[in-house]
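For reference, the structures are reproduced in the following blocks.
Each of the next two complexes has subunit A plus one other chain: subunit B in the first, subunit C in the second.
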Partner chain A sequence: MSATAPSRRVARPDEPPPSRFGVAMGVLFVVMTALSVVSTGFSLDGIIEDLGRRNDSISGLLNIDLSVITSTRTLTAFVETLQMAVVGTIIGGAAALPLALASTEVGARTTTVRWLVRAFNNVVRAIPDILWALLFVAMVGIGVLPGLLALVFFSIAVTTKLTSDVLDGIDLGPVEAADATGAAHVAKLRTAVVPQILPAYSSFLLYNFELNLRASAVLGLVGAGGIGTRIEFYRSAGRWPEVWGIIVLFFAITFVVERLSIMFRRRLV
Partner chain B sequence: MSSTRQQPPDQSTDRTSDAERVDELLRPEKPTEVFRWVVTVVVLVLLAWGLSADIKWSRLLEAPGEFATIVRLMFRDPDWSALPGLLSAMWESIAMAWLGTVIATIFAIPLAFLAAENLVPGWVAFLTRQVFNVLRAVPEIILAVVFIPIFGLGPQAGIMALGVGSIGTLGKLCYEIIEGLDDGPIEAADATGATGVQRLRWAVVPQVLPELASFAMYRFEVNIRASAVLGVVGAGGIGGLLAQYIQFKVWERAGLALVVVVLATILVDAISGRIRRRIIAGPDGTGDVDGDGLPDDLDPDERARLTTDPVGGGAGLS
Partner chain C sequence: MIQFSDASVTYAGGVHAMQHLDLTIEQGEFVVIVGLSGAGKSTLVRAVNGLVPLTGGSLQVDVRPGRSLGGRSEGEPTSYDVVGLTGRRLRDLRAEVGMIFQGFNLVKRTTVLNNVLMGRLHRVPTWRTLLGMYPADDVELAMRALERVEIVDKAYVRASNLSGGQQQRVGIARALAQEPSIILADEPVASLDPPTSHAVMRYLQQINREFGITTIVNLHFLDLATRYADRIVGLRNGELVFDGPGSAADEHVFRDIYGRSLTADDVMGEEERGGDAEAVVTPPTSPA
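Up next, the complex of A and B:
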């Protein structure tokens, strides 16, 4: 803040005082960081020391075993993961459209409905994917089904949020036009609102699919099916070369899917 | 639409042809539906393929009943004695998210210089960007799994997972900022004879800081969601308790844990959202006052960019 100002000459404007907000943010930053370091016991020395030590994970990476893909069970798990992501996106995404519509002034018939739907959306959004998986595993047992259900709710959360943001900015002209023709509520939404958001909505679905694919890799860690099940299997057996093999292969696939999806999304929007 | 309305031609013509003619005159032609059909068929085929997975559908029927029972057990008689432990575990999650974000920012800024096409050769920028892309694609929880053997069970592994996982998104933002730097202030600083440090301080930092700070705060919000579940694999925070309570069906505690996570997430979102709004809109800016209760109140450009770009690192974007 105190820049080099040895002598104030006439032509020089006064330096503005540091903004109170800036100072407050600086203090907040320092305090939060200090408190966090204290309460988590984080230490840089520890990190560096740990990195220098021999460990299973890094030596597993160095001996990475890409041939895991040839195991039938792993292959099946890969396919399962894709299936979970596809179904989660389609069902969750389909449910997200009415939920997003009902959370806006245009789409909801009454304020009560709007607030109820918003409260529902907020709660669904606040629960992370893996937590949904834990809950569904407790409800329906381990397997693909809890993973599928978790991804449905996760997709509802993501797509509803993104879509309702777009709905806030739509052009109300067509809506008025539809009202002027005496269109019924649903007809109005279908003809005046949905066409406006359809490109963005489709793009969100593709994006959601990418997220689901990545998420489906972790759901298996808690028993909810998919490739995570294999990661967990090899991890608990201490077979790190295989763990790394699956991770690298899986993320090579998601990487390709992401590139493709971005390509499609560029064309949509 | 009302422009070309014509007199009904002849009273004697029968009704259907009348209606047809009105239709013909007034209605715009329907757009072709081939594309819609193709999409519908593709979606249905994919759905059918997906549903053909090895799923025990009979279990689905039990789900609503189970759900009701669990919700009842969770909230009928919560075990308040678990609350202090849950709160301190939640704080640990928040602290992990904070440190992870700080670490990611520290690494992202220098790396971003290597990804800015106006500063380094094309291939260096390309390679660095691919590193960012890979880091963005891997969920934090997977990173935590492979970090635990290195850093041991506990928050250290979680912090590193969050830190490394966020480098991708923060780095991407940083190089976009660097590439979009306005030369004006830099030239002005040069014209006054500023030294390198002064130029950085007065011409570059003020351009970069608001956007970077705002985005880092956003990333902090995302990281809280991720760090709340890292404990599931043993990487510290509230996730460990949560997983334990749910897996062993200690519902009167699991419910409380869920509420703590949800409320803490919403609270931090709200605070962080206000700070971000203040950063972007400035002291007298009103920001986004549409009062629609959206926690994400960035300006439209920022929002559009956040929503159309793959930002999240996996667990709970949005």
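Up next, the complex of A and C:
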């Protein structure tokens, strides 16, 4: 069979028309965009006009006060933020591993367990971090604790979801082998499943830590501790130069953490 | 002793993979199962450790822990009625039965030693397994198993870094580490080249002789079957169509089992020496 001497000419197929689904999605996108622009009264003129107007927050940026960075209060709040992010990632991440395992066919002992765990995971995931913070502030009062609890649940949501996606693609051969040795369920998961997902799971924990650090800035706005508390303090007093000072420091720290995390994660996978 | 009586397996799709099988295998026998693809070979071996449940008939498996790597003393014989076996009892049976797979089924991301230690899971307390703190005795046993298949030098190497033949030897070591009284091997050499295949078959044969471990091997290749089997069992469409000593299985017999004339694909061929470096490794002859 040589390519230069085809035995018979085969007619080239016509290019198929675009799929109906694709066309429908395209039309839907255009219509939705048009509707949103009209209904919200979006206009570029308005934005440009607003930006040109005298604005406390923008002028604060021009008079940015970097000395807040060295104040003990700011630093304490930053340490608090870091602690919340670390502890939240550890506790939430630790809980996420069994929750992810139990939501899969391999990991769950019975179908009932699997569905219950899946339902739980879905509920946790449906609630955004700021809502967790509001809930816990209402339950345990203002402070670091509600923030920490919010981050624990936020971490459970993130890491469980990412980990269970990886679990769907593992090699089932070793699982069968573990079954054949008469291993108990938990021992089987520990030896045949966990080693397969460990690099990805560790990488998710680091990523989750980055998210927690960023989330903690917002949690303070509703009284859940951390650097957000300071941002909210200066903002409500209209002291924008200080607000911007803290944001710059926050930006610097998240940037460094993110770089480090990416470096570690590259080595893991 | 393994005793199938009027045993049947019908899969959910309606395939009759085992039909009214009567078969008795004595302790210490080396049995090779042959048959075309889809004849029910895997179904038969997997029934022995309950990975595939029977849908009819009965299956009794008697285990008598004999001589083993750990010098486990002659234990009391235990008899298992495999049909309906669940939970702890099923795991007890499986612990007595080592299994070797065509695809090796190793955890590739972890070390060879950790893979072999999987064979000890039934004996090791769960909290120790969770922490990865295996008792020294179990590690010693795993090391001896690796020595038995001459690959102990790779104990701390990641399994993914081994060649196919080496991975299968680790698979054998994992089964050996169970101190089993039965070993099941489902096409253990199907993904290996001829010299490596012969090496793997020789390890299985020697382990069978040395420890008196009942060994059931599924094979595709007729020459391998006649060369290593004490006894050959032929299957076709889930039915037993031949049962006799390896020496009695000639070309006519195979033509019967396969229901067609033989082709070059049905034989593995001789081991050419000097090809794959690991193939020249010859297992030490066991003291008789």
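What we mean here is this: the second predicted complex is superposed on the first by the 247 of 269 C-alpha atoms of A that agree within 3 Å, B and C clash if a C-alpha of one lies under 4 Å from a C-alpha of the other, contacts with A are read in each partner's own complex, and residues count from 1 in each chain.
In this text, a contact is a pair of C-beta atoms (placed from the backbone, for glycine too) under 8 Å apart; a residue touches a chain by one contact, two chains touch by 3 or more.
These numbers come from a predicted model, not from an experiment.
In the superposition on chain A, contact of A:Val113 is made with neither subunit B nor subunit C. When the shared chain is aligned, subunit B comes close enough to touch A:Trp240, but subunit C does not.
In the overlay built on the shared chain, the residue A:Pro199 is in contact with subunit C alone; subunit B does not reach it. With both structures placed on the common chain, the touch criterion links A:Ile130 to subunit B but leaves subunit C unconnected.
Judged by the touch definition given at the top, the superposed model places A:Leu62 against neither subunit B nor subunit C. Look at A:Lys188: by the touch rule set out above, it reaches subunit C but stays clear of subunit B. Touching more residues of subunit A than its counterpart among subunit B and subunit C is B. Looking at the shared chain after the overlay, A:Asp179 reaches subunit C, while subunit B stays out of its contact range.
Once the two complexes are overlaid on the shared chain, A:Val31 sits clear of subunit B and of subunit C alike. By the touch rule above, subunit C contacts subunit A in their complex via residues 49, 51, 90-99, 101, 103-110, 114, 117-119, 121-122, 124, 126, 129-130, 174, 178. Residues 3-4, 19, 21, 25, 32-33, 35-37, 39-43, 46-47, 50-51, 53, 55-58, 61, 79-80, 82-84, 86-87, 90-91, 118, 122-123, 125-131, 134-141, 143-145, 148-149, 154, 157-158, 161-162, 164-166, 168-169, 200, 203-204, 207, 210-211, 214-215, 217-218, 221-222, 231, 235, 240, 243-244, 247, 251, 254-255, 258, 262, 265, 269 of subunit A touch subunit B in their complex. Interface of subunit A with subunit C (complex): residues 171, 173-174, 176-184, 186-188, 190-192, 195-196, 198-199. Listing the residues of subunit B that touch subunit A in their complex gives 43, 46-47, 49-57, 59-60, 62-63, 66-67, 70, 91-92, 94-96, 98-99, 102, 133-134, 137-139, 141-142, 145-152, 154-156, 159-160, 198, 201-202, 213, 225-226, 228-229, 232-233, 236, 242-243, 246-247, 249, 258, 261-262, 265-266, 275, 278, 283, 290, 292-294, 296, 300, 303, 307-308, 310, 312, 314-318.
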